[in-house]
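Here the chain labels run A, B and C in written order, and each chain numbers its own residues starting at 1.
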């Protein structure tokens, strides 16, 4: 009888322990994660008014940096910020109105074409959409 | 069956149509099409020629009167025939140096090829009567001339090394000139050739990018730096500000070439720096000198930073192999790499403080990545630990089930 | 403590009449003999289906069925959500293990001739379940919207499209258009989380009900011998649970050491990568289609193969009615041989797919 009780106790105990080992991941999974949403193909890069004319902002686009430019004329343009030479991150140079790579002075125009320096290829351009106050950037499909 | 024969007939008739169109008013083609070998060749290959595409015909270069059927009449006094090899540049230049005439075909086409050619080594030797040197046709072809924009033309970027190499890599041919013939093989090992051939990057420099095309000439010690600056301006700027500038000028050393070589410019690494035998610094800086010490410091600085990037990168790869998602820190590590690449370029300015300042910009991110990669490894460990715990409980439960099953069986 | 439990049970029992069910389970007997090992695969399949439902429901919490966000949401589950990697890996791995178990379950039933009268309907519902679970696999494979699944779906639906008469229509129906697009993803999502679960649940209920009503089949060669029996509850259930425990350990180990990959996001404009393959359980059919000559006599090889597979499937489904001998409780070696040939064909073709390079 003692043995039987022991087995029952052991059975119930190990069952509960296993259940707990399974419920723990489930509960953690259901709790909201730190970053609330998945990064999408279309990214909210900035809000209207974030960018003064002739300034730019680097943002994360999927797993690569991208750059949103508000030109002197107030036109919104977006590019991949990865230089086609040695994958450095490019910046917007307000004085010349061009994209400029600090590593080897590569320069791109606002159509993404190489103006000067070592970059072999134009930089990728993205589509900019304004929805209400949000500026969305997406890849050209 | 008859249908098939008919379609073949129609097809061949159509393919002969261009020739037929010529034949009606071009007695040159009439005759030459019927001739043999090299007298037939012009008639055949001219169909692909860029001049043909612009509506030019035989007589526009060779003169004569193609409207006449008989050979005597066709070869009237305007007939020039084939120019001698030494006369070819002038022959082509009669049109190509005529800005007003060239404008009618392509207003953007340059018209200084001939004057450039006269200043080139080829042109100079030709003037002295050396007929072995390159003339227009050696690179551009004769009756099948294509623009440099056509991928199959000998003057298209990735065909140029072979085009120049046809003479310059031929030891027998080059013997009288006493210059080396290893440029092509050396170039093929260079980072530029790698970009051109492997990455199919057409903006990569080939022979003519540094030597010029029509005015081809070896760049002199003084001008090498300017040649490289065409694509590497920031590097040149940094160099001009560095103490090397004056020292190189005083010694009569060429700028970039002294360290990077010429035809075989390899992908630069920090192995070029420092005080080992492979380092370029020790060519001038003797042991114990200030430059020698700085060379060592430069290398330690960059290699140290690079090693840390490599280490974090390797940790991330390891964590990824163990199944942990690390795209975020991998993305951040890319930023640090930007800093390193910039710092490596700053080496040309020789200002150690500038380099230190640059590297410091990446410190924070590198530290963050370090934390993230350590966390990723911890996560992998945590998963294994979790598995062990869960498996342990499962094993206990399995054992309990087993005991249950056994104890059930007994009374029965 | 015990008293509270009893009172609670009485309360529930008075309303739900549970006692009958318990009595049934207690009195139900399961034969035990040297082949009864195979009885457990059905239970394992049922258990794994349960895991699929549970993990599937959890994945729905973060998954977004749109071509802009599907891949990103899976990436998000794998990297940002706590234990997301575990839930998704369990779902993907279990799906594959489940199909494997279903094949084992099916072939063991076939070789033991357990489909014979009166269990024809159990066999047929089982056959439908295999088809449904393969459809689960096919539709679920596309949902992460990665390169491999995208192109595998393109190839798979092209095959459906080459069927005579209904091909074009069928392809259009599966794709929801002319190519693999957002419409396809929506459709596959709909199949995977709404239509197929409903269908599978219904068929599983019928299948399990039939098993409960008819009991386990005893192999032909034992029919005149006295076979030992154990009670369904709790003995058989405990043994079942032991099998589940073992399979759980297996799933845990593979998920921790080989988390299911996310892959590269699908790019409809990219060139089809080399050596694109469907999931392993489709490869025997896929490889047949690749190996068959383009023309056999007067019809296209591919169409012939598809028709042959369909005819084979119908034959397989109707085996209980065609196997007259087994229906009369007599040995039927012909069907055993047919089973061996089918099994060998599937194994050889699957092995060929993964071992012969450049197929």
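Convention: contacts are C-beta pairs under 8 Å (C-beta built on N, C-alpha and C of every residue); 3 or more make two chains touch, one makes a residue touch a chain.
Everything quoted here is computed from the prediction, not taken from an experiment.
S.K.: With centres defined by CA atoms only, which chain is the most remote from subunit C?
M.R.: B
S.K.: Taking each chain's centre as the mean of its C-alpha atoms, which one lies nearest the mean of all protein C-alpha atoms here?
M.R.: The most central chain, going by mean C-alpha position, is A.
S.K.: Which of the two pairs, B-C or A-B, is linked by more C-beta contacts?
M.R.: Between B-C and A-B, the larger count of C-beta pairs in contact belongs to A-B.
S.K.: Give, as an integer number of Å, the spacing between the C-alpha centres of subunit C and subunit A.
M.R.: 38
S.K.: Roughly how many whole angstrom separate the Cα centroids of subunit B and subunit C?
M.R.: Those two chain centres are 54 Å apart.
S.K.: Let me have the rounded angstrom distance from the C-alpha centre of subunit A over to the C-alpha centre of subunit B, please.
M.R.: Subunit A and subunit B have C-alpha centres separated by 33 Å.
S.K.: Please output the residue numbers of subunit B that touch at least 2 other chains, ranges allowed.
M.R.: Residues 327, 386, 390, 394, 397, 401, 404.
S.K.: Residues touching two or more other chains, restricted to subunit A: which are they?
M.R.: Expected reply: 25.
S.K.: Two-or-more-chain contact residues of subunit C, please, as numbers and ranges.
M.R.: Those would be 75, 80, 86.
S.K.: Can you tell me which positions in subunit A touch subunit C when the two form their complex?
M.R.: 25-26, 28-31, 33-35, 37-42, 62, 138
S.K.: List the residues on subunit C that touch subunit B in their complex, please.
M.R.: Contacts found on subunit C: 75, 78-80, 85-86, 230, 234-235, 238-239, 241-242, 245-246, 248-249, 252-253, 256-259, 262.
S.K.: Would you tell me which residues of subunit B are touching subunit A in their complex?
M.R.: 195, 199, 201-204, 231-235, 237, 327, 330-331, 334-335, 337-338, 341-342, 345, 386, 389-390, 393-394, 396-397, 399-401, 403-404, 407
S.K.: Any idea which subunit B residues touch subunit C in the complex?
M.R.: Residues of subunit B touching subunit C: 323-328, 383-384, 386-387, 390-391, 394-395, 397-398, 401-402, 404-405, 408-409, 412.
S.K.: How about subunit A: which of its residues touch subunit B in the complex?
M.R.: 3-4, 7, 10-11, 13-15, 17-18, 20-22, 25, 60, 63-65, 86-89, 102-105, 114, 116-118, 120-121
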